[in-house]
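The following pair of complexes shares a single chain, chain A, combined with chain B in the former and chain C in the latter.
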Partner chain A sequence: MTTVALLGNPNTGKTTLFNELTDKYAYVGNWEGVTVDKKLGRIRHSEMVVVDLPGIYSLTPITKDEAVACNYLLNDSPDMILNVTNASQLKRNMLLSIELLEFGRPVVLALNMIDDLKANGISYDFAELAKRLGCQVRATNARKKSGLDQLRQELLATPPTATQPLHLAYPAAVQAAITQASQALVTDYQLTPAFANWLAIQYLNRNQIVRRYANKHHLQPLLRHQQAYDDQNFEEQIFQTRLAFIDDTLTATTKYLHEVSNANLTAKIDRIVTHPVLGLPIFVGIFLLMFKLSFDWIGTPLSDGLDAFISGPLSATANQFLTSIGAIPFLKSLIVDGIIAGVGGVLSFIPQIFVLFACISVLEDSGYMARAALVTDRLMQLIGLNGKAFIPLIIGFGCNVTGIMAARTIEQPKERLVTTLISPFMSCSARLPIYGLFVAAFFQRNQALIVLSLYFLGIAVALLMAKIYQWVFKIRENTVFIIELPKYHVPRPDIIAMGTWEKGKGFIRKAGTVIFGGTVLIWLLSNLGPRGIVTNIDQSFSAAIGQFVLPLFRPIGITSWQTISALMTGVLAKEVISSSMIVLFHLSGQTGLIATFSSLFTPLSAYALLVFILIYAPCFATLAAIKAETNSKKWALYSVVSSTVIAYLAALLIYQVGSLFI
Partner chain B sequence: MQLRYSESAYPIVTVQQMRQLDGQTAHRLQNLGIHPGSQLTVLREYPFHGPVIVEFDQQKIGIRYVVFQSLLGGQ
Partner chain C sequence: MSLFLNILIVAIIIGGAGVVLYRHLKKSKAGSCPACEYDCAAKQQLKKHQMEQHHSS
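Up next, the complex of A and B:
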């Protein structure tokens, strides 16, 4: 089995290429840092495995996701490297290419987005480029699926044997140090000459990961001279040599075409969306549009239809069927009132959630996300974060877990920690069903507006907490913020569809697992009591638990124990809150759920409850992600406690202050 | 490389030095291909010392005002 490592600068289309070459689908977006961990896929009809790695500018990592790529080269030693480059930015892409060519494995250089290069009136002499670099060169356009068959053939045909690594003419002192160290590594440590050579160059170049590797393996020939290397500023000399090599190579291989297309769509769009004054209003407008689509125009009508089907024909048919086969009432009630009502109630929100995901996918695929990060940077700076933290937060609207993962692209550890901690305040899609239930009952007219207000409240709480953390953690005002603004893409329908499905399938899977389990659990707790099966729900276990803590929640306007029991199940997964509520209220009152709500809540207490649900303890999956990313249980525990306290205070404030006016 | 594809109305500045930058910022800018002597086209400067969008080697990036100023020599 041959493994091919997919390496290249961020946002050069590695993941799109990966998806086109292999059978497995991975997540694509038009900003840097989409891939934060490695993904494996097999090239169709072959034994060749492709490893998709996070985008890197060089092998010397700054962020956590970049370290993944360097560690992979050190420890897994791929048979081949597919270096994906952005053809129109070859100059800087080649800084990485050189490091990969020096690694001594066969390299196939893919000049991706080749159409953009042509539009700029430039072409390269591929044969000459291949000769000078000592590797195969292929032009591709992964988005338009051109050049991919040839690339696939090329990969399958390339013999996975070690080739001659690229040798640059480094200054004499540097070269002497490299030769001396690598010879010692070969004789004393039995490394292959190519690997020893590469290791020495990387060590001289102050690659921290390689330096840590050398420490761990006690590579004395390198460790001994570290001071001397750094004193002579070898890093700078290496950089200058590479730059000169790139300039030479590109000058010799560039061909200027006559026609230059002037249709610079990106510049035109950017003139508007990155406008100093209009930028922020446009950002807010795009979000408003997203919510209008999901909750007013497309999502809600579809959801209502689905709900009518589940609670009407489906439920009635199941009921009839179960009666006809003579199922015992307990089982019939479990299936009809528990599972179909509860799980079905959550599933009816699929259209709204998928429309929202489709909108987020369009933003991701088009390239707008990077602009959003830019226009919000000034704002984020006020709270000690940078614009890049905005991307994980927006992804958090889909799911907090992926949002927390996306925070890996942030350079400073402290900023990353803060972003991780505030991510759960972003209103994820799992909270939508419960909002939907309540806005349908209390805020018929302003559904989108009420939901949008919750989203913005989530953002406000996140920003406020970030400000507090900035003060507590003493984060400096001026931090690294460099963001690439990629060319806009016309969103490709299949990428949007795949992206939407990729984000949404978790929701459906959860319906079959956690939500199903949670619903059955709450149904059992509500039908069983200390004295066995109960007919009156007020004597059940869930009533006992709910009643016990109810006094605590009266000040925020919650008067029914059912709500408390439902909130507790929400820690399993936020969707379970709504299925629990459906089960609990459906069992207690035979009238419709909405009618029951109006006797238990006022619009004000309903809103206070929604605010509480927005902010309180994150779900298990999110807690696990926080623990994994911070490497500590303490932060996960802290997240549970702090968010519940904040949720309580916010709901208290809204309910008590609101009561004065209403 | 002479890749300036239009005689734009945007100001063009030359990177004077990168020594005043903190290590990570300098490293990242270097990775992107910026070095003393690089020519940057300034596409947009946000008010209140907000970010600056510059273009070079066919790529656009957003950087902070302080970084931009120190690239120009820190005036």
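Up next, the complex of A and C:
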């Protein structure tokens, strides 16, 4: 079995290429950090396995991602390397290519996004480029699926045997050090000449992973000269040599097709959307548009239709059927008032959630999300975080667990911890059904605006807490945020459809698992009491639990024990809050919902409750993720306590101050 | 439908709910990747690999 390592800079279309080559769909986006995990895929009709490694700028690691790639080369030694580059950014991309070509394995260089390059009036003499680099060069456009068959054929035809590594003309002192060290490594440690040569170059280049490897394997020819290498600043000399080589190579191989205006479309759009003043309002405007589509224009009408079907014909038919077969009232209530009303009630929000996910997929595929990170970087800098923290935070809009995992891309441990702790404040999609329930009842004319305000309140609380943590943890390191701004694309419908489905199918799956389980649990608790089956819900276990803590919640405007009991089930998963409320309040359809809620809440107390739901204790899966990522139960426990306290204080402030005016 | 059948269906539903909740909590407790609802390519490949290993053994 031949192993191909897929390596390249971030945002070169590596993941798209991986999906196309391996006939396996993977999430496609412009995010840095999407491919944090190593992914394996088999090329169709072959025994060739492609390993998708995180996007990196060089093998000298700064981040955890880069360390993964370097460690892979050191320890797994792939048979071949597929180096994906952005053809329009070849000068910068080739810094990594050189390091890979020096590794001594066959390299196939894919010049991806070739159409963008040609649109700029530039092309390359591929034969000359291949000759100078000593590898195969193929032009591709993964998004349009062009050049992929040729690339696949090239990979299958390339013999997976060691090849002559690229030799650059390093300055005499550097070359002498490389030669001396690599010869000793070959003689004393039986390393292959190519690997020894690469190891020596990387060691001289202060690659910390390679230095750790040398320490671990006691590679004395390198270790004993470390000080001398560093004193002579070999790292800078290596960098300059590589840069000169790239300049020479590109000058000799670049072909100008025609004159083009510098002001291309991407630059024109970027001048507006990344504008220091306009950038942020545009970002807010795009989010408002997204919520308008989800809650006002498309999502809600569809959700209403689905809700009418579930609470109407479906419930009635199920009820009639159960009566006709002689089901006892307990079973009928469990199925109709419990499962159909509870699970069905949450499922009726599917259109809203899918419209929102489709919008997010459009933003990702168009290339806007990278700009959003850039725009928010300015805001984040004011807080002391960098824009990189925005990426896990915005991923947290989908699911907080995924967001917390994405925080792995942040290299500074303290910054990573802060991002992990503030991630649960991001309003995940699981909270959408409960928002939907309340905005439909109290804010019918401003549904999108209310939901938007909750999302931004979540961001504001997260940023405020980040500032406090910065001060408490005494974080002074200021890491630089670099993000590739890909060219804008017209979003591809199949990528949007797949992205939406990939994000949304978890919600549907949860309906059959935790939402179903949670709904049955709350139904049982509301139908059973200390004396067995109860006919009056006020005598049930759930009433006893809710009434016990109700006095604590009166100051924030909650006057019903049902709300408290429903909030408690949110620890299972946030969607369960909605199904629990539907079961506990016996809500059925929009009219019943508005009638029930209007006697228990005012618009102000409803908003205070939504704020509480936004901020309070994360769900169990998020807590487990915090524990796993911080390696500490203490932080998970801290997250429960701190977020519940903050949620209470925020809701209290809104309700009490609001009561003075409303 | 007999009372026994009614009780049996209730028991199956409640038992099923108990099982899915137990599985959910167990999966969540396992930490980041298993707790994540997103069925990413890495997970799909891992499942495929596990299935292949299962068939070959």
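Criterion: the second predicted complex is superposed on the first by the 617 of 662 C-alpha atoms of A that agree within 3 Å, B and C clash if a C-alpha of one lies under 4 Å from a C-alpha of the other, contacts with A are read in each partner's own complex, and residues count from 1 in each chain.
Quick note on the criterion: a contact is a pair of C-beta atoms (placed from the backbone, for glycine too) under 8 Å apart; a residue touches a chain by one contact, two chains touch by 3 or more.
Model, not experiment: these values are computed from the prediction.
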| item | value |
| --- | --- |
| Clash-or-fit label for the pair chain B, chain C on chain A | fit |
| First (chain B), second (chain C), both or neither touched by A:193 | neither |
| Partner chain(s) touched by A:171 [first = chain B, second = chain C, both, neither] | neither |
| In the superposition, chain B vs chain C on chain A residues touched | C |
| Partner chain in contact with A:603 - chain B first, chain C second, else both or neither | neither |
| Which of chain B and chain C A:330 touches, first, second, both or neither | second |
| Which of chain B and chain C A:404 touches, first, second, both or neither | second |
| First (chain B), second (chain C), both or neither touched by A:629 | second |
| Gap in Å between nearest CA atoms once chain C and chain B share a frame through chain A | 28 |
| Chain C-contacting residues of chain A that also contact chain B | none |
| In the complex, chain B residues that touch chain A | 1, 3, 5-6, 22, 24-25, 27-33, 35, 43-48, 50-51, 53, 57-64, 66-67 |
| Chain C partner contacts - residues on chain A that touch it in the complex | 18-19, 24-27, 37-41, 52, 325-328, 330-331, 334-335, 339, 398-399, 401-402, 404-405, 502-503, 505-507, 509-510, 512-514, 516-521, 524, 572-573, 619-625, 627-629 |
| Residues of chain C defined as touching chain A within the complex | 1, 3, 6, 9-10, 13-14, 16-18, 20-21, 23-25, 27-33, 35-42, 44-45, 49 |
| Chain A - residues contacting chain B, complex | 57-58, 60, 62, 88-89, 91-92, 95, 120-122, 239, 243, 247, 250-251, 254, 260, 262, 270, 274, 276-277, 370, 373-374, 377-378, 381, 387, 411, 478, 480-485 |
